[in-house]
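Here's the structure we're looking at; comments come further down.
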Amino acid sequence: MKKQLLSLAVLVILVVCLGLSQTPAGPKHHVVFQLSEESGPAWGSLILHVNNTMKALSEDGGSEVEVVFYGPGLLMLKKTNTVFAERLEQLSKNGVKLIACRNAMKNRDLKTEDLFPFAGQADSGIAEMVRKQEAGWAYIH
Amino acid sequence: MKKQLLSLAVLVILVVCLGLSQTPAGPKHHVVFQLSEESGPAWGSLILHVNNTMKALSEDGGSEVEVVFYGPGLLMLKKTNTVFAERLEQLSKNGVKLIACRNAMKNRDLKTEDLFPFAGQADSGIAEMVRKQEAGWAYIH
Amino acid sequence: MKKQLLSLAVLVILVVCLGLSQTPAGPKHHVVFQLSEESGPAWGSLILHVNNTMKALSEDGGSEVEVVFYGPGLLMLKKTNTVFAERLEQLSKNGVKLIACRNAMKNRDLKTEDLFPFAGQADSGIAEMVRKQEAGWAYIH
């Protein structure tokens, strides 16, 4: 009986140890991008970089991607941004989460209805990127 | 006796495994910010971002924050920088570590007495940020 | 016999657990730098920062360093870049891996023979930095 309990304990430990060394279910890669630049080359590059990254990682287990928009970068998510509307919506349809920073929204007096309907929100864009890194996501700026 | 030793070994392993999956004591979140930009919008944004981040994370276990100043960003820590003196001192009083890169100090011929008295120092600003990331800190630039 | 098997199992678990908490063999520190800026101060700073970082970390277990060149930063690796040729080659001789992004090469119609012979390549510069971070490397931009 005691031996059985001990064997059980060892099994539990083994499972715990294996669990610690494994990645969570779902895509193999997790990447959070920062977009904090004002209108300019950084906006077009973001679309290109996210697409290229997802394509490269699709051949290697797939990726979960989130972009955090804050500071002057938040303006890329304004629904009046017709230049990028289609490309951003396509990213969203491809599963990329586009997250607006609520602090940046307050600073610029922007409401939810001023942003693209496919945009999500976080209390603080930087806190969001901190949490993602803590959860093992790679960070790209 | 042998069984007791074995049980002890299992206990030790269990503690080690649990230890590996736990965060250290203190605040839940740890963030190192990079400030390498010259005088301009980045300086004001830094203050705003650090404060917003700490506020957001205060509702979720608290945060330990460090800012590493290097390259042209070091100049933000010069005690002649009266525009930001008060805001930087307030960050320091709130527990934020403000770290000057000694390589940047040498390159610009700045001595300890040229910087705010509340500024700390690291041999290399980048090496400092590497060590923080290795210790599990999130990195924000 | 059963006890011996059990002891063996415990030993295996112990080794696995210890393995999880140890860094891989080789240098203690691993750093991937991003160079995505066009020609300007960022190019000279990169050389300075890599050298300073390696020097600082050499006194603390040593470092393995890689620089990923993408976007307009790729042009730093063009072999017509005589201003930086010598300094980049010296980095390479010091063991720093200089990696060109193939997406950036395609976008700019650059072939392998257009780049310095000591430059390596990755399918996607960002995917490369993601993989490095996943492998525990610190990321610096």
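Each chain carries a letter (A, B and C) given by its place in the written order, and its residues are counted from 1.
The working rule: a contact is a pair of C-beta atoms (placed from the backbone, for glycine too) under 8 Å apart; a residue touches a chain by one contact, two chains touch by 3 or more.
No experiment lies behind these values; they were computed from the predicted model shown.
A.B. asks: Can you tell me the C-alpha superposition angle of chain B onto chain C, nearest 5°?
C.D. replies: 120
A.B. asks: Have a look at where chain A meets chain C and say same if over half of the interface residue numbers show up on both copies, different if under half do.
C.D. replies: different
A.B. asks: Roughly how many whole angstrom separate the Cα centroids of chain A and chain C?
C.D. replies: Here the centre of chain C sits 23 Å away from the centre of chain A.
A.B. asks: Would you give the residues of chain A that are in contact with at least 2 other chains, written as numbers and ranges?
C.D. replies: Chain A, residues with two or more chain partners: 6, 10, 13, 17, 20, 139, 141.
A.B. asks: Where on chain A does chain B make contact in their complex?
C.D. replies: 2, 6, 9-10, 13, 16-17, 20, 34, 71, 103, 123-124, 126-127, 129-131, 133-134, 139, 141
A.B. asks: Can you check the complex and tell me which residues of chain A touch chain C?
C.D. replies: 3, 6-7, 10, 13-14, 17, 20-21, 29, 31, 45, 48-49, 52-53, 55-57, 60, 63, 136, 138-141
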